[in-house]
Amino acid sequence: MKDDLMNKLMEEVMKKMDEVKETGTVAAATGTGVSGLTEFVGTAVGNTIGFVIANVDKSLHEAMKIDPKYRSIGILSARTGAGPQVFAADEAVKATNSEIVSVEFARDTEGGAGHGSLIIFGAEDVSDAKRAVEVALNDLNRTFGDVYGNASGHLEFQYTARASFACNYVFGAPIGRAFGIIVGAPAGIGVLMSDAALKAANVDLVGYSSPDNGGTKFSNESMIFITGDAGAVRQAIYAAREVGKQALEALGGPCPSTTTPYI
Amino acid sequence: MKDDLMNKLMEEVMKKMDEVKETGTVAAATGTGVSGLTEFVGTAVGNTIGFVIANVDKSLHEAMKIDPKYRSIGILSARTGAGPQVFAADEAVKATNSEIVSVEFARDTEGGAGHGSLIIFGAEDVSDAKRAVEVALNDLNRTFGDVYGNASGHLEFQYTARASFACNYVFGAPIGRAFGIIVGAPAGIGVLMSDAALKAANVDLVGYSSPDNGGTKFSNESMIFITGDAGAVRQAIYAAREVGKQALEALGGPCPSTTTPYI
Amino acid sequence: MKDDLMNKLMEEVMKKMDEVKETGTVAAATGTGVSGLTEFVGTAVGNTIGFVIANVDKSLHEAMKIDPKYRSIGILSARTGAGPQVFAADEAVKATNSEIVSVEFARDTEGGAGHGSLIIFGAEDVSDAKRAVEVALNDLNRTFGDVYGNASGHLEFQYTARASFACNYVFGAPIGRAFGIIVGAPAGIGVLMSDAALKAANVDLVGYSSPDNGGTKFSNESMIFITGDAGAVRQAIYAAREVGKQALEALGGPCPSTTTPYI
């Protein structure tokens, strides 16, 4: 058998593996994306799935420590991604009559260096919970836009002109202000980008997390959370993105966006 | 080269990758499954391996905090699976003169969303420790029967008509009563199944765990532990399994059993 | 299509997947390994990357809790490997005018059973920080020599005739004495090797870690840290390596060294 045929095949296989790891799109594409379940809302990039429960079982409601005033919950659950889902949930709570009940991060990304996530919305009415999940699912294509990756790691940037309750709950973002996050994996790239960002613009450092300081649940990421003037936060992100891409490409080759950059 | 040949190849490759991820059977098949080591007992599904140590080194015995009365230990260690190994160990302590010394969960499953496990049996006599490991290894084909998976996640159900010391140690199961667990990944599927289970039958909720509440060691799973009448526990599991399969298939396509369903 | 052609292809694919998982060399090979960044130092096996920051941003410096006397930091960050990087850093602090600022372990290895790592060196002068990172990167080919792996797990052994500050910081190694570590995954293999090592030679047990006792951050590894006479430490490692290889090969077939054994 010819070696170059083998090489061509291997190339395709490796490419496919990377796609699966980074975005989950291949896996999602193999699913039907629809379901006969009344609770099912939809699926999105990152092996993300959304449900709604109109009237949560009483004993489960207590075990999950959900505020008794929310009879209905919306569920946004993903194998790959935490920042994209949190920023999408931030838009969802702005746009709907729902609130953030809890946000949990798993150490996941299907063999990658980051997180999966479980976000619970609470609402008094099931239609509000459902609308929150729909808004978030629809926003994920945007919030995966500044997630860049290759087989060696990933970079993530998120920005909002006006942080709301999801960003406040998770990152301590000041509500109503411009806010961004800068994430790099392996973690050293996160440290490098954080330094570049903070030197590039006059922003306030809200928080720093690294693999074993309690913040990242043992993911191989370092990250900062920043606030300030809208222009300054974006400028800091641009500076970080430039050095981050050079660093990650030196380690693992081209690191394209998962969808389309939005910042 | 024809595209459909390439597609066919990619399909086979993806299938193979899934098999490896979910059950470890391919990897196991490449090993000999036998060894010249006197301590070696055997291997099983889930990249599970079993050993026995007749007389544990004194300093290691202390460091592992093993009760001094157990000179001999049996070791059941797996890359993929925690529930299957715990329920197999439950049968092992019922059937042999051994006890559970410790059960630890690792965040593993070879890139998947769940756990690996390390279970230590204690016995005064090495033949008892060995027998416990043998019983557990032989039971794994059964306890992997209600583990369902695809590239996007997995579902796990376990049931025993009479919980023993392993289920009590790990899940707080009441000894001698019917007991079951319901696990879904990504975690949102676990929440959905838990709600369905608790609404379907009159069972008692023993515990709930999710990615970042301390219970699941950052796996991307939510799960409940239930007890009650044998029929009710099984009925709750059937209801959960039905909605869980629909949800996971909407996300990632068909999710077959790892071996053969037993519940 | 002929089945044996398909089988041959699958074999090649599985081999390639293993390479990626265990050493990261394939991924690294796709990168350029050079970068226009002034902070970039280099890359090495295990998807390891090194940087230097001459003058860390003040707010980041505080958030990272770096001792104010170090203006400059060196960064050694890896997707795969903790022991190899710590022992390489140990040589780096011996050989340069730098110190260990922090060592953090992530639960990583790109879908494998172990860790990635983030090591920060501190120095008053940037040239010292840079030299430390260079020495460590150059030493990684050696320290990956006694890392053995297959699709089912891995074994790791490290040895130094004279432990320095990195080994002291991470493992509690007595400075200036012979010191070694013995690591096995899945964790049961680590227990088996630890017992064999401690029975084979008169060494002192410095520490024991397992998946869920706080030490290994939920990796699927058990490990011991040992000190004593140089000959005894090596003898303990040889005994562990012999049983470890037999056990891991029984589970997953041949488990070659990542580079070239050095102990």
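Going in written order, the chains are labelled A, B and C, and every chain counts its residues from 1.
Note that a residue touches a chain if its C-beta (ideal position, glycine included) is under 8 Å from a C-beta of that chain, and two chains touch if they have at least 3 such contacts.
None of the values given here were measured: they were computed from a predicted structure.
Trainee: What are the chains that subunit A and subunit C both touch?
Mentor: Where subunit A and subunit C share a partner, that partner set is B.
Trainee: Subunit B-subunit C contact: same residues or different, taking over half shared as same?
Mentor: Here the answer is different, because the shared fraction of interface numbers falls below one half.
Trainee: Approximately how many whole Å separate the CA-defined centres of subunit B and subunit C?
Mentor: 29
Trainee: Counting only residues that touch at least 2 other chains, which ones in subunit C make the list?
Mentor: In subunit C, residues 9, 13, 17, 107, 111, 218 touch at least two other chains, as defined above.
Trainee: Under the touch definition given earlier, write down the residues of subunit A that touch subunit C in their complex.
Mentor: 1, 6, 9-10, 13-14, 17, 107, 111-113, 150-153, 185-189, 191-192, 194-195, 198-199, 205, 207-208, 210-213, 216, 218-222, 224, 243, 246-247, 249-253
Trainee: Hey, which residues of subunit B end up touching subunit C in the complex?
Mentor: Contacts found on subunit B: 5, 8-9, 12-13, 16-17, 20, 24, 26-28, 30-37, 39-40, 43, 47, 49-51, 53, 56-57, 59-60, 63-64, 75-79, 104-108, 110-111, 116, 118, 120, 217-218.
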